[in-house]
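Each chain carries a letter (A, B, C and D) given by its place in the written order, and its residues are counted from 1.
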């Protein structure tokens, strides 16, 4: 078992290293000169030279990489000259926003996908199933950023049900004290219910938009998994023991099928955490995604590098956590792990 | 599709058993599957009865419709399968007319099933205990604690040592034989009147098979339940069941007391089956694959006898090819037998030719 | 044995298409229609996608301009047609490039094994740590904003799946008897790969390509939306949504609405096709066996 | 009686549960919409600003917006005078001779104009209590000069080789003496701007000190205390800043006790919040949105003339663009009115010359607007000897409106036989390539200072790093030397005129229009001032 853990850890570390290596050399092959960017339009050669020195751009590439790896172990991810803050600080302030959005979005997707797929499979009539398939195909095919725009136009501008694309909170409100960094959680923990409702209102539209893609994916997966599970012998056996179709469905088919969602959900979570760029951009959500876009356009190495490292780490961690969940939830694997 | 002239007469009727003793009465049961290539009848107008405490074996090759018949009886035939005709009377009620809710009181209550593959018969992520408790509490209004005690007792009864602590184990922690025992225990949890055992020993090794059968035998006897044993292995039927019905291509083609069948089968197919058993006894490989040919294509309508293409006696015979044989009564040395064959009663004669 | 298994479902699928799976045939027809319109349309429609006409600035849809005009008075129908051609064409390139790249690396990793396999597997694991958009953005940053960079990025992101599948299949089939015997006769390795192993995988690869296509088109549009894909004045659906975004809230909804709608329809159709095709080809599909 | 598990019921109940949760969400949404409107009294004065701030240090950073924002935290020796253009709304006067006292109560200029002696207010403090005195002023100016780059360049109005300011002295707590290499009265103008800011030496020394030619990282996201009207009490880069009134400020206290500045680059957000009156002031909206909002009750649009021309810079030494006739031909083939009306939505005006109208040194008679004259353009094309040329036009499409203008130019210049290849670059590449002069032509929104002489020097000095168009017109260098050595504005004018003349003869730049400054303010806003460096202290309800 220890061997297995060590091996997994090794693979994870190699993967993160690979991702950093890949991005590092890809990014350092850039035509633009970051020092010139920082120096600004009127910088003379002397300024550029000393800036290159200060930014560590004058040393050989492999040395730069080594420096980068060693300092990132100490939590130093470099300095963002386009934002004026250390990258670690940026990640610290931006990540909770992304996590809150990603978690809510994926959780919504999981709930909706399981509920609708379950109804579609459970109903004997074809209507529910056909509706689900149409809905999920449309969800799969809709560009999320476009959907966000339409939602904003209809629901917040025209009907005023939701706030405009203004980020996590009404500008007039102060964010709750930082406990977890998630505004909805923090506001409840500190008893600021007005802030909670405001944060929730701001969260609903972006989270729903985020949820569209994962919903399409998960509802398909869960539907086919449920159908397969319903064909498993133990389902008929349970029926033969006198359980009603509904009980068998809820007590046996659904829990067994849910297992198959764990890995997919984990991957979706990792993907939305780092890939929610578009939705963040449209809703003015101050997360990692919108940070990344600006950093790429501004060629802010340190930030892009940091985000990629973060993304790789997230992926590896999340897939590891998914395995842990399996061990906890699935008795067969749990037994194997002992 | 040809109309079969299904006989309403059964061996039981022929033996003139008292009516009040009848537990299950199946009449004209027909089960069809809707497939991409058309409708397929898996069970074709089957009629029979089971008396209380009777032990009945249904024998046939895989694909002959045995399991479909069993599932049809408890109303668990899965779509696209559907029971399209017939009556299934348990006591006075026609099970086909019951709502699913009423029917599920019967399932696992008055009629229990024991399945073929103990590996896949359990929900893999629930403990054995919770599944047993669930089965008990569906039918009996007892507390969880009581149900658990009952479950432990049952487990002890089927020979699981340290029963109460093994209730918390998951299915995969049991061996195949043990799982089959648990399955039997669950089937008997609510004192059923009829146990349908569908190939209960196929997945087990030979020594375990014997133990499981012995267990089944004992428990069924203790509880006074009737047993319907579905198998493709005639070998285990001898000495275990009172009567045997042989199924071929969805039809019952021979009905005999088991002594009578083993002494002299009334249908050529049964004879072939018996030959296989004998060969197996002589330690030869393979069980039933040795009957030459395969089951007829169920999507094609039958003309004549369904066994004709494989029948050592009737192959090529214009009568067998053209006319479906009736279920004929044969008076054998060990009692009345029924066989769906044009040559019923004349098999020895024909064989000698 | 394996040959029979791999061939049969395709035959079944062909038969079903001929017999008429209404949804599949409808979706295929719809997509073919869109492809036709998009390919032929720009030649037929009398407006040029880039011709500005300031007097017709921001006209609502009308008989003259069925989808209206944009803020520079360019005909939106012409732009949508050209834009859809760009988006769908680039999506097709991504799909093909990913499949080719993945097939080659997969065959290499599976056939050569050892160091090559280890390195390639490590590389793909690392690649899969990024969401596709992020990888595309990194490539854009290294090269320059534009469709070529995005296509490269998305292709890189899409190839590991093919590689893994093909690598596994090559390893599995290489162990089978008939391949060993072919080897004994003296057929070269490459011949074995392409004559015997590759054909088994075609249906799997095609299915994956169908599934990736929709996602690729959306990612391309997303990059266009972020200003990292197609560059002005080039018409591309995602970039057109961005252009229309500013006018969306001031009442000129058509600029952003139509490109998005076209994206929605095209990608949904490909999703449906990929779905149905998978059901037809998947042996675990809706097959029914009595008893 | 057998116990049953009511499965169907459960499915329905959970579905209803989900619906209830969603509905509750919607209800709460409605509930708080109504409440948010009524809390305007306690709401901080909110400024939505479409800008990305990368640095808060005016001693280093180049972009005007950043200097503008950062200048609110620092006091300066002098300030610009203002004129009220309409009730409550003021605009600055860039004339250096009208500069007013600020932290300095008065100043004396030596006879030859090379030494300025400032007398400061006494006993003043930074917001954290540290003394605000002559030593701090000397430290601040020295720091700006030492760091170099944009700060030093702007402070010395482009005269850096050799430096204009030779030394700064602080003989006592209330006296600062600035020695210059030569007389240059416009220095007062730059001292009144962000570059003349006074920092707290203690804070800076505690966080990295001063290094030559390098920015101080800490100061990019922090302020060195505050000597100005506002204190930066919260700053989330790329998101928002909260400014609170500095109780120790030496001057007139800020109008609003608290100002929240949201850095929002998403236009829809800005638009929606302006409409909902969630923002008191919205800056940086694209013109069509401003136009749209100007017709709505939510908003009042304030415009001001600002030195922000939109130009196509031609690389003076590039292939094709080195042809003066060709450049001139292009200037006659621009549909100026169309661009102003249809792209700038009327928020712009026309002129043609190196000095923006309203700048010190501008003469309307010298710089009349160009006309759209295709005949003349074609004639000039013929004279130029260039045959069916292709012009590479570099743009940064992330800047609003840029790609529209580029597309229009493409169609317009097509008519005189010029094929335009639009070369879109990401902002970083655009800046790098432009500053290195590696382009043929580039479309940009310029932001110049209102000092004509400075602008001329910046753009026309051969081989200067600021001359990114590589303009080098024979005979201009002696004129520029003469301009550098002339202190008196009246004496400067003839030199400026000749330089402008030279520039016009060579048409190095196509000036499309001058973009007007626009701010969308809510009707509650009673005070608003436009200045090159926004003084938020003068804005309020």
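We take it that a residue touches a chain if its C-beta (ideal position, glycine included) is under 8 Å from a C-beta of that chain, and two chains touch if they have at least 3 such contacts.
From a predicted model like this one, the values you see are computed outputs, not experimental measurements.
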More contacting C-beta pairs: A-B or A-D? The answer is A-D
Per mean C-alpha coordinates, the chain lying farthest from subunit A is B
Per the C-alpha means, the centres of subunit A and subunit B lie apart by a whole-Å value of 54
Distance in whole angstrom between the CA centres of subunit A and subunit D is 37
Rounded to the nearest Å, the gap between Cα centres of subunit A and subunit C is 23
Cα centre of subunit B to Cα centre of subunit D, whole Å, reads 90
Residues in subunit D with touches to at least two other chains are numbered 2, 4-5, 268, 272, 398, 426, 429
Multi-partner residues in subunit A (2 or more other chains touched) are 31, 149, 152, 157, 242-245, 247, 251, 281, 296-297, 299
Within subunit C, the set of residues that touch 2 or more other chains is 141, 144, 227-228, 245, 248-249
The subunit D residues in contact with subunit A across the complex are 2, 4-8, 10-11, 14-15, 18, 25-26, 28-33, 35-36, 39, 43-44, 46, 48, 52-56, 60-63, 148-150, 153-154, 211-215, 217, 220-221, 236-240, 260, 262, 264, 266, 268-269, 272-273, 275-276, 278-279, 398, 426-429, 431-436, 465-466, 468
Within the complex, subunit D is touched by subunit A residues 31-34, 36-47, 49-51, 54, 79, 81-86, 90, 93, 111-112, 115, 118-119, 122, 149, 152, 156-157, 160-167, 170-172, 194, 197-198, 200-201, 204, 242-251, 281-282, 284, 286, 291, 294, 296-299
Seen from subunit B, its contact residues with subunit A in the complex are 71, 74, 76, 78-79, 100-101, 104-109, 112-113, 115, 117, 120-127, 131, 134-135, 138-139, 170, 172-173, 183, 186, 190
Contacts from subunit C onto subunit A in the complex sit at residues 122-123, 125-134, 137-142, 144, 214, 218, 221-222, 225-228, 238, 241, 245, 248-249, 253, 256-257, 259-260, 263-272, 275, 284
Note: in the complex, subunit D contacts subunit C through residues 267-268, 271-272, 286, 288-289, 292, 335, 338, 342, 395, 397-398, 400, 403-404, 406-408, 410-411, 422, 424-426, 429
